[in-house]
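Before anything else, here is the set of structures, which you'll find just below.
Below, chain A partners chain B and then partners chain C, in two separate complexes.
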Partner chain A sequence: MAFYVLQMEIAVVVLAVLGLLAGAFWPKHTSLIRRGLAEGALVVLVASLFLVFPQHHALFGGAYVLDRFAIVFKQVLLGAAALVLLLADAHEPLRKQGGTEFAALVLLATAGMMLLTSANDFIFLFVALELVTITFYVLNSFLRGESRALEAGLKYLVLGALSAGFMAYGLAYVFGAADSLNFGDIHHALHDDKTAQGIYLFGFALVLLGLGFKLAMVPMQIWAPDVYQGAPTPAAAFLASGSKIAGFVVLLRLVFADVFPPAWEAQPVVLMALAALTLLYGALGGLAQTDVKRLLGYSSIANAGFLLLGIAAGGDFGHAAVIYYLVQYLFAVIAVFAVLTVVANAHDTADRHTLMGLHRRSPLLALALLLAMLSLAGVPPLGGALGKFFVLVATVMRARIDPAFYALAGVAIVGAVIALFYYLRVLRGAWADPAPDAAARITVPWTVRVVLYICMAGMLFLGIWPQPLLALATRCLH
Partner chain B sequence: MTVYDAMFWFFSLALLLCGVLVLISRDAVASALFMVLGFIFLAGLYLLLEAWFLALIQILVYAGAIMVLFLFVVMLLDFREKRRWWHGNLLGWLGAPLAVAALLAALLPVLKRAGALADAPEKWFEGTLENVMTPVFTRYLLPVEVTALILLAATIGVVVLGRKETKP
Partner chain C sequence: MLTNGHLVWLILFAPLLAAAAIMLFTRRLPRVSAGLSIGAVVLGFVLSLKLFVAVLQGEAVVAPSVVWLDLAGWQLVWAATVDRLSALMLLVVTGVGATIHVYSLGYMRGDSGFARFFGCLALFMFSMLGIVLAANFIQMFIFWELVGVSSYLLIGFWFERPSAAEAGKKAFIVNRIGDFGFLLGILLIGALAGTFNFAELAAKWPALGLSSGVLALAAGLIFCGAVGKSAQFPLHVWLPDAMEGPTPVSALIHAATMVAAGVYMLCRVAWLLAASPEIMNLIAWTGGLTALMAALIAVAQRDIKRILAYSTLSQLGYMVMAVGLGATTEAMFHLTTHAFFKALLFLGAGSVIIALHHEQDIFKMGGLARKMPVTFVTFLIGTLALGGIWPLAGFYSKDAILLAEMDANRPLFVMALITAGLTGFYMARALIVAFLGQARDQKVAGHAHESPLVVTLPLVLLAIMSVIAGWHEEIPHFLKPDFHEHPHGVGILLGFLAIPLAGFLLAWLLYRRGPADDARLRSLLGPLYGLLENKFYVDEFYLFLVNRVQGGLAALCAGLDLVLVRGLGVGGVSGLARLAGWCVRLLQGGSLRFYLLATILGVAAFLLWIGR
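Then we have the complex of A and B:
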């Protein structure tokens, strides 16, 4: 069977609506329904694996494209959503709240992200992006009894609205310069007519700024630590995995469609500067953090820097490296948040004391934390090491033509070494410090076990045998 | 300066003035009313562009429906906090003009060089209902449908965040 247009997205939306209705009709079985939604997402994912990849399709006046790149990332995002839904079912504060709304909203956000992977038109891109953002406004402040969650929700709301404003304002200039919002038309307009390039550059810079909010890119990164810290842990997990992946997929699509301002193509100075600043901000900001969720906010910024570096370096290998990096990052970051979901149950905060002596209280959690932190830090033989390695290789390859990239590679290595320090400090708490006397053994719910096994297997597999994914990533580019 | 130019400048400056007044007026009701006034001036700009339908919708939907709802909520909650007009901190008062200046500094050179674009023969587009709605239901059908999902997500959000606390 071949892929039909919007097939996967419609399946996810139907799942979300069914979940909502089921939750309203059988309020006593919400836990069952929530797990059912996670399994439903997995079923859609597995079913989509059996579909035949189509030829390149462009529909709705070229606004929606269905190619291998889009489909692979639709599947990745669906997988992330399924893992997050399993986590949400094990998260104590969310269980107390009851209902199936959280799961339904996660699925709606997933539908938005899956639409984003196919977006080939700025209007469609903007609407799909807003679907994701508005859903996250609610997810982040879902535990409205906690003042931290409200703070996180409010900060995300204000900055999200600001970035949407930047984007819409920029789109007006893009339209004024190119007389179209379709990527294909814009590409032609830019290369046929040189008079409008100045206006286009201004508009595109604002669009990039609006998109940077999703990526946690300097100068739109301020929200990340606060929101990661305050949001419910599963929501933060989805923010760090799904939302970020979708943002970078959009950025890659902009690169593939060749709608970057022509002035940036010769030497992407702006992207290079943003990559370096984002890397350094994430690495240095994380040093003083004691709260693990907050630390992950800075880690997310540092990783965004690495991904931007891959995109700035460009070339087929650079883009394949970014795709590889995104997939391995998903496993590592969801594993960390899965551990925190169980450990930080009471008030949903995770200062370093909550992890003390974790290896005695739950060896499985401690092992998962070890693998995930080492993967994030870039220690072989885990996926994160190869992700960073591939991006650096792409940077050095580019540096042969453009020596400025040597400096950027240096910045990336310095950033990775600084980050290594704070990842290891978290591990010291979990493995070396004695457990506080009152701390009992932790029982890990089976849903979290499943998530942890999948993530650990993913990190190890990608670290030891990267060829299949790298080959798939290369095929995505053509 | 033609009458057209004069009207453009009048509507634009009045719109900007209303925007500033929304920010600095003493209570929330006055802010909301200045916003209505701003919407009306914006509708005037649309009229100058011959976007008739958009101008009408701007007044009916924004100034009519949405702002009435806005005012209703403001008056119902009654947060008529009396503030001095210089409320806020120094950083805000310095930062906002700096940000505007930075934006203008980036924009002005771009607009200056784009003179050729303004002289190009224009494709005239009259904003009638038919001209506006045909693309909406053909070319831009998918974004419109996705907007329905946004409204669904927002509705769920309002219900979740606004419901009464139930003690387990």
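Then we have the complex of A and C:
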């Protein structure tokens, strides 16, 4: 078997193991090792850009495929992991705890996500997904001394186990209906067997719900605000960026592989309803929030709604829009969490007071927060504006065939307007409110600086010149 | 290998890099900041010269372009237009810009915001060059708004002065009104023609077979943009207030370049305007009216910068009038010469203002000619050029417009002639009162002395350009190789010369004795003087509109709003949103058991729904 196809994943796992070993042998140099792991992830990323991959390679009897789509997202996820590792090194509570386990676990989760991008078989998908989820159980409760972190970890564990149960249960039905778990075979197996299609629909719905846990999709969204708030900030950053991207990559793969139930393809009313509910839940829930990390939990739900909208709208442009959205969202959300990594208080929460007068205490952080919040809110010339715009264009294009999509576009706009309100409220705290008397100037560690510069450059570039990424996204589809 | 095409982008992006470097890194280093900004614009000037020569020699310069956005069939390309029109405009913008940058070194010396000033100036240069080079409407609109932003930043540069902050806001808001129409026009044209690209549109637009109403609507909406940016009646009110900005800003942005962008844009889309004779007529009359009205107002102003501001309005009116009569070459000719002599006049006024420690009332000056000889001589040259005296630049360009009008539209021609006479009068008035006679206010004008070389050198350079820019009518011939003036006799030219001279003479008679105030003109004009002094009460009228009419309507709407909208509509909606928000929040109470229950219920509901 040609294992060189798996070289990126293997490199990441080796890096994680080396990190663990190095941490055990040289416990005095953990900070150095942690940064080394971040740089290692970047090295793998850069190296992967120069590698020539075999086109459409398959492994494990077709359970694993390597195509351009998978490669691009493996690179994106590696990039996200490197940024999160840099943040983790600057995060005070995690530094105090010491050790290299957090960084190693982030890399293991990354390996799981990278496997997910190539999953072409339900069992493979399930195993890779669990690799990610189980790692996150640990990451979320990594700060053992903080009751909030423990609570977050526990909630994630229980609800995650529930959703994994749904998925496993659904897989049994899928297998029963299609007699195979490989995406390629399922499409043919269901061809014109009405009974099987009915059973498959039920099974697929459960799988979708299980996946919905990763996406923070209604009705599997309820964990997001609590876990985002309680988890260590870098873990939450990875949850919002890497984990969400991996989930949507899988969803896109399901669409590309034609394993969606035939009934949903013609009339995507189920996806439409889920998109609308997710959007509105995220937008409305954020209105009354004062804690920024918790707010980002709702924001993550609202953004999942937008992404689902793009998938429901479909078509080449809709899928390209989703890919574009995912990449720009990565920059914005990591920028916000990078700011929070520095300003969050000793208990690692970020209520309104932590951000007050930020522009006086650290202009760089305030600027990064400004750009990131405006990007999330969809204000040009930042990536978020074009992400939303492209999804809406795809929706309106679809609405020409299926007028119900006009209503969905309306819902999306209303959701975006409501969300604008809470994003701007965060900015008011950071820019307009005076700093508390005791607040001193904040010194930003260089690791966070690097992350912020990268994220700001990314947001601005994607907002000013969208075509390169849009063209790449379109190429990924074929 | 760098071709001329690559240089185009270097000209555009050098100021942006300078602006970014200043804002990010060198805000604490005034000298470095000024050096960066000046370096960028001087580089731009040198490259523009090279480009100008290339275009003159007939080389087809094509700047590399990139696809900016490809939206399922709709393609926006980021490209540059390099033709005779933009090559000339590049030269004007970077040339005048370079002299004014150098001048600012002296004018802004010791200001606490020195570095910020040069950063904003570089941002402005980037935006302005972007307008000049724009190859499609979207690109132009983006830079159009960017010049608006940088103009706002620079008018309100001394933001601690409430009047400056107010003026910045006023300029921005008034421009928004015009820009709204402009944007609507752009979207309309894009929807009708399926492209925003100027070259494609120029070929496609006349062939679309649109009704005259639609053609007029499109042209009229686009003209709205020019009315705002070039400060034409009725949106002219922001420009005089914009004089609150530092004088180099007034010279560069609010006299030589940005306000001329409206005229430039109209020349760029001449094909669009030509398709609608009604709108052409409207444009000509708007220009003529603005020219005459502004010249009248300038007669009764006392603030030296305001006199120049109204003069700018008036000359912009001339250009717009020429565009409206189809004489775009003449309009661009006048735009170019005007950029030189009006920048010169503003910089001269600035030199006086520094010497007098920021006194701007001409009736407190007097006798400055002996104390500031260089400033005086250059200001005199500027005045003669603006007045249209042979053989200075203004004579050629103004006469070109007058000749084009003579047969095309007699009433406008007469208005333009009256304006020319008034121009001679108010400029001579300012010159005589400020520079000749005795110092009226010893405290202010008694101890004035000549400005340093960094200030006077730009004056001399601009004065030379103001003298020679019109000779042989090189500029119109460059724009349009087969350019011919309308046939005319020497007698007509002498007549054109006599009119501003009459204005000069009248001013000499009224002010040669160095009166302490403007009493003679006041008694001569009677109630008209008050009308002019108060700028025809346009500002007051707008204030009335905003306060009473809009305010009254708003009060009515507010009443309705309270009952109908807020009570039932918005109140309902926002209340609903808040209520829903609270419901969600209650749902998210934090109890894990409840979360499990909610999730399972949600899943059950979902499964029941899809299984129905």
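To be clear about the criterion, the second predicted complex is superposed on the first by the 468 of 478 C-alpha atoms of A that agree within 3 Å, B and C clash if a C-alpha of one lies under 4 Å from a C-alpha of the other, contacts with A are read in each partner's own complex, and residues count from 1 in each chain.
Methods note: contacts are C-beta pairs under 8 Å (C-beta built on N, C-alpha and C of every residue); 3 or more make two chains touch, one makes a residue touch a chain.
Just so you know, these numbers come straight off a predicted model, no measurement behind them.
Visitor: Sharing chain A, do chain B and chain C clash or fit in the superposition?
Guide: Because the two structures are overlaid on the shared chain, the partners are seen to fit without clashing.
Visitor: Report for A:Leu201: first if it touches chain B alone, second if chain C alone, otherwise both or neither.
Guide: A:Leu201 sits against chain B and chain C alike.
Visitor: To make sure I follow: the centres are taken over C-alpha atoms, the vertex is chain A, the ends are chain B and chain C. What is that angle to the nearest 10 degrees?
Guide: Seen from the centre of chain A, the opening angle is 160 degrees.
Visitor: Which partner chains sit in contact with A:Gly112 here, chain B, chain C, both or neither? Use first/second/both/neither.
Guide: It touches chain B, and chain C stays clear.
Visitor: Once chain A of both complexes is superposed, is A:Val451 in touch with chain B (first), chain C (second), both, or neither?
Guide: Touch status of A:Val451: no partner.
Visitor: Looking at chain B versus chain C in the superposed three-chain picture, what is their shortest Cα distance in Å?
Guide: The answer for the closest chain B-chain C C-alpha pair is 5 Å.
Visitor: Residues of chain A that sit at the chain B interface in one complex and at the chain C interface in the other, please.
Guide: 201-202, 205.
Visitor: Along chain B, where are the residues that touch chain A in the complex?
Guide: 106-107, 109-111, 113-114, 116-117, 120, 123, 138-143, 146-147, 149-150, 152-154, 156-157, 159-161, 165, 168
Visitor: Given the complex with chain B, which residues does chain A contribute to the contact?
Guide: 13, 17, 20, 60-61, 63-64, 96, 98-99, 101, 104-105, 108-109, 111-112, 115, 123-124, 126-128, 130-131, 134-135, 137-138, 141-142, 144-145, 176-177, 179, 195-196, 198-199, 201-202, 205
Visitor: How about chain C: which of its residues touch chain A in the complex?
Guide: 66-72, 78, 577-578, 580-582, 584-585, 587-588, 590, 592, 595-596, 598-603, 605-607, 609-611
Visitor: What part of chain A is in contact with chain C in the complex they form?
Guide: Checking each residue of chain A against chain C gives 154-155, 158-159, 162-163, 166, 201-202, 205-206, 209, 218-220, 222-223, 225-226, 270, 273, 280-281, 284-289, 317, 390, 393, 397, 418, 465-467, 470-471.
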